[in-house]
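What follows are several structures.
Look for subunit A in each of the two complexes below; its partner is subunit B in the first and subunit C in the second.
== the complex of A and B ==
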């Protein structure tokens, strides 16, 4: 069994309530931070831990915190990003549902470190049940003296509020989230200024993912150096992986970073293999935005070494043969799945979710959806495949926020690795409507390759 | 659930106003516009959808222009700008749920309810639509029903039939 830091007590009956949570050691990090550490010392521990943002970008959390401007007499804010909407990702829902105090405790520790006296948890609006759970947990914490004025007699004041979103994927982008929290449409802001300088209400603000904030609890309890010993290289600590698709046991798993992908998919401790005795065709390792990989490159690097669940190993080979850890939304496709159909589905998602501010994204995502739709339904031309690559390239890097990239990457990677299947849809417009292309060579074992072309 | 016609005047109850007040108190002085999204959720829970009259009242309450409410209500997918069935069944239609049969569930609902996506059944009870990822990919196919956003997981055509029966009996 690998080490669990966030989900260790997840199966304890009553762990969603304050009493049981405290019996299991909960709120020790608040006591320790507020009574024995200065805010800067808390930031230092988080820096030492090597914790990287768990929402998808993987930016070092401690470094992000150290960018926060601290002008005299100006309020500072911590905003938790609980707008979990990346297809394939459902870890934050799980954490908030089953162990809400882990997030509340992390919010108190992190707010203290940043000098925030009012903090917001922005939860996607569809998660009304989780919003009620969090509000109950906040009331409990407040009644126990962990929130409000003069917390634990230390003189530190903090109010914590839950804010519902309105159902928009784009609000997971931190500046769109801040716009939404200010009661506006979720249009991402032009940066700079970054939120650390001018965020919520123009004040210095840090936006962190649910899992990142919850991870500060074990970091403070055990020390940043201890946390950094877990994992591999610059991928320190544990990570929540949301596993979905054609797996025997989909669900949320806490892994130590560095676990081999093959073990994650096939071992009984995790997903237990591919459902219904099928074979693996492809994976999306980090949420719908990251490049899709065929089965062989999912399990092995291009040089034949095992691929690991870590920021570095998943990205090994660049976009030519690698992908990204992203949010940890791990989607497995069995041999009966159609990559063209799935790519069309994802493109429809990004078209639907584009805020419409930047033309390359607003128009380009529509093109991607439309062209993929005609390929999937047997009306495509061979030139459509290169047209898709061209449109994707024209979106990528040309938009205010990363939604454009997120829309382009799944299309580019699907064509890079599954071009045969796209071509087959053009060559067999009738047959492809009733039969799937199947596994083809996508699981063919990778031998040691002498030379690997990287980057693109 | 109270239904209002497009042009019927809207008056918020004292109870609703006090819930608005509590929300406004969460933000710094002068930043009451931050309450817009949560207030619109409460209004929709009360009336089933957001009429122009209701949105104008919200603007008045928050001291903002009506356009500031309309542009938000039309941007976010959770807000309904026209009346829906009493039970709006929202089925996730994004990739991971489709890998485990979401499209079958959507087709089944269309046949079972006898209306197209977005329409209301003649008895006014049901609407359904496909929505994008609901962050429950490991439990798919899934659907949710507002205003409580009750969640139904691992759907089969049988469990959907049962759900529709239960909702009919409840109403």
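== the complex of A and C ==
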């Protein structure tokens, strides 16, 4: 059994309540941080732990915290990004539903480290039960003296607020989230200035993912160095992976980073293999916006070594043969899944969720969706495939926020790796409506590519 | 070099500008072809820009201190210059390709109804299309449509043509009180809408027509009256109690068909004018005429304004005369 930090006590009955949570060692981190450590020491511990943002970008959390501007007399804010809406990702919801105090505790520790006296948890609007759970947990924590004025007699004050969003994917982008939190339309801001300089209400702000904040609890309890021992290389610690798709046991798993992808899919400790005895065709490793990979590249790197669940290993090979860990939304596709249909489905999502502020994303996502719809329903042309690549290229990198990239990557990668299947949809417009393309040779072991000689 | 001046090189031309200037404004100080086109940025409107992405440029050297290039193309209207920054605009094929892509994307849902659009002839999108667009569209789907909305009795909103530059939103926001924004919905069905209607009781609401880069907001008192290139612009002013009263009158024969604010070389108004000047005072007797408006000779409006040169046959045949009249002769064959 691998080590569990966040979900260690997840199966204890009543862990959502404060009493049971405390019996299992909860709020030790708050006591330790507030009573024995200075805010800078907390930041230092998080830096030492090597914790990287769990929301998708993988930016080191400690570094992000140390960038926070600290002008005199200006309030600082910590905002927790619980606007989890990426298709395939549901780890934060799981955490908030079953062990809300882990987030509250993390919020207190993190707010203390940043010197924030008012912190917000921005929860996606659809998650009404989670909002109620969090509010109940906050009330419990406040009654026990962990929130409010003079926490644990240390003189530190903190108010924690839960803010429901309107259910827009774009509000998961940190500056759009801040706009929304300020009560405005959730359009991403143009950066710079970054939130660390001018964020919520123009004040220095840190926006962190739920899981990143919850991870500060074990970091403070055991020390940053201890945390950094888990994992592999620069991917330290544990990560929640929300596994879905054609798996025997889909669900949220806490893994130590560096676990081989093959073990994650096939081991009985985790997903238990592909459902109904079928074969794996493709995986999306980190939520819908990361590039999709065929089975062979999912399990092995281009050089034949096993691919691991870590920031570096998943990104190995760049976009040609790699993908990203993203937010940990692991989706597996079996041999009977249609990649064209799936790509269309993803594009439909991004088309629906584009905020419409900057033109390439606003118009381009709709275009992608329409062309993919045509291909999927057998009205496509051969030229459509190159058109998709071209449109995706024009969106990528030319937008204000990363939603444009997120919309373009799945399309670009699907065509890069599954071009045969797209072409088959054009060549067999009738057959493709009733039969699936099947596995083809997407699971065939990769031929070792001879090392490209450089120089000379 | 003083402390608040920085040097920036755009397409090989170095210019010294105030610290905090954007790349676009630095380019405007140089002028000429290297000025990136701007569809959404408007120097008079705070917070505008960054949305249309037509002004994207490549920063090949970040600054003297940190010479790394910027990883992505940046919106020049919202990126401030750093000392020693090197920018590529029309000298970078990458920028031109990306810009052509943006133009294509701006046009896919545009109705292209220029033949019946009042803005034709002075439309930024038209110019942009000519310069960077394709001859043919690759978009084969039904275009997005909206119903036309009358914003009061003077302004009409034609959402089909809108490119969502937000300029009118900022205008309404900054010239009237108590509003935050005026965009409804999301993505490609977002629209400039109802909230803007509440701004029409303001004296300056008519300026949304002038700031609109396309034909989405048009003057109902001028709708379908005439094509702009058949009208002659004349600068005029009057003593107006609410605004500066500095306007351009658009004449067709003896009649003033339209009144607009005066625009500078980048198509931006010099001063916002009030609705009384714009809609109510359309008699020559209301105005003091100053001079004919200077129009660039490459503009379609100039083409019909003043007598086009009809050169004598001898000029065409005589080598010396042809050389001497080169510039004028070019005009006769240009359009």
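In the analysis below, the second predicted complex is superposed on the first by the 449 of 456 C-alpha atoms of A that agree within 3 Å, B and C clash if a C-alpha of one lies under 4 Å from a C-alpha of the other, contacts with A are read in each partner's own complex, and residues count from 1 in each chain.
In the analysis below, contacts are C-beta pairs under 8 Å (C-beta built on N, C-alpha and C of every residue); 3 or more make two chains touch, one makes a residue touch a chain.
For clarity, every value in this text was computed on a predicted model and none was experimentally measured.
In the superposed pair of complexes, A:168 makes contact with subunit B and with subunit C alike. When the shared chain is aligned, subunit B comes close enough to touch A:181, but subunit C does not.
In the overlay built on the shared chain, the residue A:286 is in contact with neither subunit B nor subunit C. By the document's definition of touching, of the two partners only subunit B reaches A:129; subunit C does not.
Comparing subunit C and subunit B on the residues of subunit A they touch gives the larger count to B. Using the contact criterion defined above for the overlaid structures, shared-chain residue A:362 touches subunit C, although it does not reach subunit B.
With both structures placed on the common chain, the touch criterion links A:387 to subunit C but leaves subunit B unconnected. In the superposition on chain A, A:354 makes contact with subunit C only, not with subunit B. The intersection of subunit A residues touching subunit B with those touching subunit C, taken from the two complexes, comprises 168, 184-185, 352-353, 355. Listing the residues of subunit C that touch subunit A in their complex gives 49-53, 56, 72-73, 75, 78, 98, 101-102, 104-106, 108-109, 138-139, 141, 144, 163-164, 166, 180-181, 183, 185-190. Contact residues on subunit B toward subunit A in their complex (touch as defined above): 26, 28, 31, 33-38, 40-41, 62, 64, 68, 71-72, 75-79, 93-96, 98-100, 131-140, 144, 146-151. Contact residues on subunit A toward subunit B in their complex (touch as defined above): 75, 84-90, 92-93, 118, 124-129, 159, 161, 163-169, 180-186, 201, 242-246, 250-252, 288, 329, 331, 333, 337, 341-342, 345-346, 349, 352-353, 355.
Residue ranges on subunit A touching subunit C, taken from their complex, read 168, 170, 184-185, 190, 351-360, 362-367, 370, 387, 393-394, 397-400.
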